[in-house]
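Please go over the structures that come below.
What follows is a pair of complexes built around chain A, which joins chain B in one and chain C in the other.
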Partner chain A sequence: MADYSWPEADRRAQIGARPARLDGPVKSTGFAKYPSDQNPRGLLAAKILTCPHAHARIVRIDTSAAEAMAGVRVVHVIQGEGSEIQWAGDEVAAVAAVTEDVARDALRAIRVEYEVLPHFVTEEDRDQAPGAREAGERAEGDPDAAFATAHRTVQRTLGMPQMAHMCLEPHGQVCSWAGDELEVHASTQAVSTLAGQFATELGVPASQVRIRTEYMGGGFGSKFSPDRWGIVGAELARKANAPVKLFLERDQEVTVAGSRPSAFARIRAAADEQGKLVAWDSDSWGSGGLPGTGQTPLPYVFSRLPNRRTRHTSVPTNLAGSRAWRAPNHPQACFLTMAVLDDLADELGLDPIDFLERNLDLTGRPDTYREQLATAAEMASWKERWQPRGREREGAVQRGLGVSVHTWGGRGHSSNCDVTVHPDGAVEARIGSQDIGTGTRTIVAQVLAETFGLELHQVRVSLGDNVYPQSGPSGGSSTVGGVTASTRRAAQDALREVLVHVAPRLEAEPEQLVAEGGRVFVDGDSSRGMSWREAAAQIGGAPISVQGRNPGPGRLISSGVGGVQIAEVEVDIDTGVVHVERMIAVQDCGLIINRRLAESQVYGGLIMGVGYALYEEWIPDPVSGRLLNADMEFYKLAGLVDVGSLEVHMMTGPGYDERGVIGLGEPPVISPGAAISNAVANAIGVRVPYLPLTPDRVLDALAGRGGPA
Partner chain B sequence: MKGRRVTDDAKRSGFSRRSFLRGGAAGALSGGLATGLLTGEAGAAAADADATETVGPGPVEIELEVNGVASRLAVEPRVTLLDGLRDRLDVTGPKRVCDRGTCGACTVLEDGRPIYACSRLMIESAGRSITTVEGLGSPDAMHDVQQAFVDHDAQQCGYCTPGFVVATAALLARHPAPSEPEIEAGLGGNFCRCGTYKGIRAVVAGGKGGGVTGG
Partner chain C sequence: MRPFGYAAPATVEQAVGLLAAEGSEALAGGTDLLSLLKDDVERVDRLVALRGVAGLSGIELDGGMLRIGAMTTLQELRDHDGAIAALPALAMAIDGVASPQLREMGTVGGDLLQRPRCWYYRRGFGLLALAADGRSMVAEGDNRYHAIFPTGQARFVNPSSLAPLLVALGAEAVVHGPAGERRLPVEALYQAPQTAEERENTLAPGELLAGVEANVDGSRSAVYEVRQRRSLDWPLMAAAVTLTGSGPRAEKARIVLGHAAPTPHVAAAAGDLLSGQELTPETVAAAADAAVEDARPMSGNRYKVQLARTAVRRALGQAAGMEI
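Coming up: the complex of A and B.
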């Protein structure tokens, strides 16, 4: 069987290098055409009318006035009379018209009468929740006995609210029909799986649905399906016999197009005199809107903690269902766990890094964490700068340091890639994947160039179209492993075929030949060789085309990473304002294809983390059931000046590279909430129990009103 | 506070908010309201007729220059500069994200000055020169700031990038070595979701932004 592997470190030209992303120039000049930028001839604009009530029944709907308006082409009722609406923002009707403004006019002319029903949107108040579902209790060891004999115990009630994905390009698509063939320019993370979903809903064969996503403006786990607005857009286009653009307005985007579930928990944790964790008891709950939410994995990372009991309650609310938000469940589990461990370390009088180190045997990767903790501590000058809580500096501004650890899987998804070598030496890959901003296009090109010994500009990558071989959705940090493995297998097979043709000319066996530096030559004797172009010409008149798959043979990918982050904050105890001065991230992800893009992923995770640690939350109004901040003024993202100094250290080289490629999108966004919360506790001497760390919550904690401890 | 005021209003006018909505749904009330509003506006407009030129609500012919090209088109007064650029002129570099002057993804230069295109009516830009991100450079001939965005990987999904590039170019044209308050003033009105601020900081620190005239 053929061997599939990555080149040895001293023979890598592309892998591990830092080339700039290939689509950088088209993006930075505005020449990149996103799905929302498509303006085909005859385009109509569509808008969706949503329900203003969190729970209601549609009594009557009258679209006649809208239908009669000039410029209105189609009015489509999505949920008719008698339908029960379960969240504010749910779709009721849609209009396609000659312009967006006319479509909006038409929405205003649709009359809907609702019977308003009772709603519930405040899940932190679990006891008031109708329909709360207990998931049952899990226990191991004897937690009651362990707590009874423990040296120190802390108990906390902590939580973090639902928050939005807030993709800058809203969810949506442009649909065009040619007969019964549908083309969709979709802002999606799932080019290869979308067609089947459209086809089922629309009653056409999947083979007649084309999905195209050359570029897309952010997904973060919220763009895996056509969604109702996708199907409605296609229906409108079919009825109007014209292309239809339907992208959500910003308030809709925030309200219905993606949120991360909330997580609350009452937690007890205990340690013995040596600072070893001996007992854990958590009672958690949370909501992901109407579906509730699954169990948060507690205790996080330190999952081998003996004597533990966990309970979970899923709380449905009258809010749109949550979606996979970057590293589903992990940021919540991380915050809940690391905050309690940090408080326990303080109770024990231990430096939190020391405390974590004493308990690394309770994790799945003690050696990795030990190395990462040491590296991060050195980068932060932790030993010199860390001080126990309660040592106030003069003045209002207090400084603190906090630490957190996290984990993720990141195994490559299923992927197929066609690699073609043309007789003129041109090399190309076609893959039904998508570049959601992570750099997928660039890393596939690097693998191609590496394998054939070429420069990046000599290879071509085509993706973002479901006519190319199926490749998985981009989620869960699974893309980099999937696409690099399928591409490498195809490229190695294609090269081997080329070498069979070349070998006789060089009077060598194919296995003796290598392709490096734009040449094919006998390994160890570069004088016995020829240029790549000349080598490709040996294959004859027809190109060589090979498909590579993942999973497949050879050790190209792996899974399971660790990470450590340290935050340094300043807290003004007069105003409650927190500023992140510095974030340090130490992260492993196996073999790194592109150092620059890998670092960008980690920087991005840290920055998004500052956002949800300090600013971001859905604020539902208990009275109306609507979000009070379905916009970008009051749903606050971190800005350029809100983010302090960021330092990233990637663990690479021997011990890491041999593991193969592992995904990186999720891990760096997991720890910031915990690390920043711990740094604030270190600065002000008390735990602020809820994220985000807004000034009111900080001041409440300082005043002893931080909620039940 | 707000809730109480609604209750008081409801008492005064003799109908509840829900019956108001039901009335609207039946169509009886809304027609009357709309007529009243229009009458009022028309009256006010008539009173000001001597002082102010009134245009619309139908399409208005305007001329403006976009990326060096003169454009003549008829737009309704309510069309924003952003929507006019994107939907009428197919200039799609500026992006519509918040659509209300918060996120900066629609930033363009008007006569060299950075503005939010979502918060300006296209007719207000009549006779002016608009430069979008496409007007600063092209993939084969990038502006220094665009090149720096590539070099420093100051973009991921790239949807905020056009606005950031224009805002950064404008900032560096005015302040080649901007101070922290100048950076805050120049780029504090742009948001990125993927988290590319580290790269954008590096672009600003590089300071290669001279020569932006907006023409």
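Coming up: the complex of A and C.
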């Protein structure tokens, strides 16, 4: 069996370098055409009528006025008379018309009579929740005995609300039919799996559904399926016999197209006199809209904590179902755990970093965390600058430092990649993956260039199309491992075939040859070689084409990463306004293909993290059941001046590189909520129990109205 | 968007005539009105564009009298060295509009007469947001950004960046209407509506805000806004103060809160308390307490009382040039 591996550190030209993303120029100049930029000839615009009530039954729908309007081509009822609607914003009918404005006007002309039913949208108070489902209790060791003999115990009730994905490019697609063949330009994270889902719903063979996503404007876990609006868009296009563009309006995007489940918990944790964790008891609940939500993994990272009991209750609400949000369940579990541990450290009179270090044997990767904690502390000048909570304070603005640790898997998904070497030396890869903004196109090109000893501009990568070999959906930080492994295997195989042709000319064995610096030569004697172009010409008239797969042989990828983040905040104790001054992120992800893009992932995670720590939340109205901030005015995202100074340190080199490639999308977004909350507690001396850390919550905590213990 | 007519008058007289027709609405910078129309929150039969109307824009500083045309953009005002030197607090107020696009397009008149940001109003529940049975959706729902001085059923807050300062200065509004020109205190431009038919301003049909005039001589002013984000964000609370007299003693103090009530909220008791007093941390704190003495916060906005207190203290400190 051929050996598949990454080059040794001293032979890497591309891997670990910092090339800029290949699509940077076309994106920044506007030449990149996103799915929502597609405007085929004869295009119709479609819009969806949504239900304004959180719980209702449709009594009557009258679409006649809309159908009679000039410019309206198709009116399509999605949920007919008698349907029970379970959340505000659910889709009722759709219109395809000659312009967006006409489509919107037609929606207003549709008359729907509703029987309004009782709703429940605020899950913080579990006792008020109808339909709450207890998921049962899990216990290990003897928590009651451990609490009884523990040196220090803290008890807190903490939580964070549901929040939105808020993709800048809303969910949607452009559908065009040619006979029975459907082409969909979709804003999706799943180019290779979408066709089958469209096909099933539409009653056509999957082989007749083409999915294309050259670029897309953000998914964060919310864009894995065609969704109802995808199928409706295709139906409208079929009925209208014209291409149809259907992208959600901003309020729909916020309300129905993606949310992260809430998580609340009443937690007790205890430590012994040495500062070792000895007991944990958590009673958690949360909602992911109508389906409720699964158990949050508690205690987080310190999962080997002895003597623990966890209970969970799933609370259904009349809100649209949640979707995977970057590192599903982890930011919630991290906040709930790290806040309690931070409070326990304070109770013990310990520096929180010291406290975490004393308990690292309860984690899966103690050595990594120890190294990362030391690195992060050094970057933050923690030893010189950290002060305990109870210190003397002067003035309104208080500063504080907080720390958190996190973990993620990140193993590469299933992926297939075709690599072709042409006789003129051209090299290309075709892969049914998608670049969701993370730089997938660029890293595939780097792997190709590395393998064939070429420059980035000498290789071509085609992705974002399901005519290319199947590659997995981009979720769970699985893409980088999947696509680099399949590409590397294909490229190594293709190169070996080339070398078989070249070897006789160089009077050498193929195994003696290497491709580096634009040449193929005998390893150790570069004078016995030829240019890559000459080498490729040896293959004859037909190109060489090889498919590589993942999983497969060789040590190319693995999984399991750790990370440490430190937040430094300023809190105005007279206004409750929190400002993040600085975030430090120390992160490993095995072998890094592109340092710049890896750091970019971490920066993005920190920015998103500041957002949910300070600003972002769904605000459902208890009266109407509707979201009150389904917009970008009161659904607040962090602006550039709000994120502070971001400092990223990637753990690389010996001890990390040999693990192979591991995904990075999720991990850096996990800790910010916890680290920032801990920094605020350090600054003001009390725990603000809920995220986001808005002025009202901060002032309540300062006034001793922090909520239940 | 629903269809509507569009008129572009050249003179104030023409504009007034057009605005007198029912369903007509003045269009200034359009930064808010166009969204309201797109979202179907408001409906108009005709927009009367003021951009081409002669005499509505420009800044004049004549002795101590500052005259600002209603169609002057916020950025033009911010860039007017004379106006800013005469009234530095203008910069504090305008800089709170933390978006260059809004400052470039938004006008002084538009800032003063913009519609409330209440999320019930913006979702089509009406300015008073009363349920079918007459109960207040605001009072029973989520009111974290609403008034701590509600007036009857009006529970939204006035969102203007400039109004608190102009009211504190005792500025006058110049209004043109079918009967000619009238002048009124800027304060009197506003009202707290109590019926669905009433608006939050007192302009009659056909009336048009032409500009504002303020005597900026011999007083010290400041504006302090509490915003959660440093980037574009509505203030959670704002205070504008004007002190007459120099030195540590305030002959007369005027304190006005923004984002606190359906109208710019004149904290008369707080101003009276300071008038004739020396400004010290103690008197300032007493004034801040007096400013919120009659606050009636709702279920979710008690924190805004504390923000009002802080905003008053800090605005006073800035106006008096002292550390508070």
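One rule holds in what follows: the second predicted complex is superposed on the first by the 708 of 709 C-alpha atoms of A that agree within 3 Å, B and C clash if a C-alpha of one lies under 4 Å from a C-alpha of the other, contacts with A are read in each partner's own complex, and residues count from 1 in each chain.
As a convention for this text, contacts are C-beta pairs under 8 Å (C-beta built on N, C-alpha and C of every residue); 3 or more make two chains touch, one makes a residue touch a chain.
These numbers were taken from a predicted model, which means no experiment stands behind them.
Visitor: Would you sort A:597 into first (chain B), second (chain C), both or neither based on which partner it touches?
Guide: Touch partner of A:597: chain B, not chain C.
Visitor: I'd like to know which partner A:623 touches here: chain B for first, chain C for second, both or neither.
Guide: Touch partners of A:623: chain B and chain C.
Visitor: Who does A:615 touch here: chain B (first), chain C (second), both, or neither?
Guide: A:615 contacts chain C only, not chain B.
Visitor: Looking at the overlay, what does A:577 touch: chain B (first), chain C (second), both, or neither?
Guide: In the superposition, A:577 touches chain C alone.
Visitor: When the two structures are laid over each other on chain A, which of chain B and chain C touches more residues of chain A?
Guide: B
Visitor: Per the contact definition in the header, classify A:437: touching chain B only (first), chain C only (second), both, or neither.
Guide: first
Visitor: A:68 in the overlay: touching chain B, chain C, both, or neither? Say first, second, both or neither.
Guide: Neither partner.
Visitor: Mind working out whether A:640 is in touch with chain B, chain C, both or neither, as first, second, both or neither?
Guide: both
Visitor: Examine A:605 and indicate which partner it touches, taking first as chain B and second as chain C; both and neither are also allowed.
Guide: Only chain B; A:605 stays clear of chain C.
Visitor: Does the superposition put A:169 against chain B (first), chain C (second), both, or neither?
Guide: After superposition on chain A, A:169 lies in contact with chain B alone.
Visitor: Give me the intersection of chain A's contacts with chain B and its contacts with chain C, in residue numbers.
Guide: Of chain A, residues 101, 623, 631, 633, 638-641 contact chain B in one complex and chain C in the other.
Visitor: Considering only the defined contacts, which chain B positions touch chain A in the complex?
Guide: Against chain A, the touching part of chain B is residues 3, 18, 21-22, 24-27, 76, 78-79, 83, 86-87, 90, 92-100, 102-103, 105, 132-134, 136-140, 142-143, 146-147, 149-151, 153-162, 165, 180, 183-184, 187-188, 190-201.
Visitor: Under the stated contact criterion, what part of chain A meets chain C in this complex?
Guide: Going through chain A, the ones touching chain C are 101, 104-105, 108, 574-577, 579, 614-615, 619, 621-624, 626, 628-629, 631, 633-634, 636, 638-642, 694-696, 699-700.
Visitor: Would you tell me which residues of chain C are touching chain A in their complex?
Guide: 1-2, 40, 117, 119-120, 122-123, 125, 131, 137, 140-142, 144-145, 226-234, 236, 300-303, 306-307, 310, 313
Visitor: Within their complex, state which residues of chain A touch chain B.
Guide: 20-21, 23-34, 36-37, 39, 45, 60, 62, 65, 99-101, 111-114, 116, 166-170, 215-218, 220, 249-250, 436-439, 596-597, 599-600, 603-608, 623, 631-633, 637-641, 643, 646
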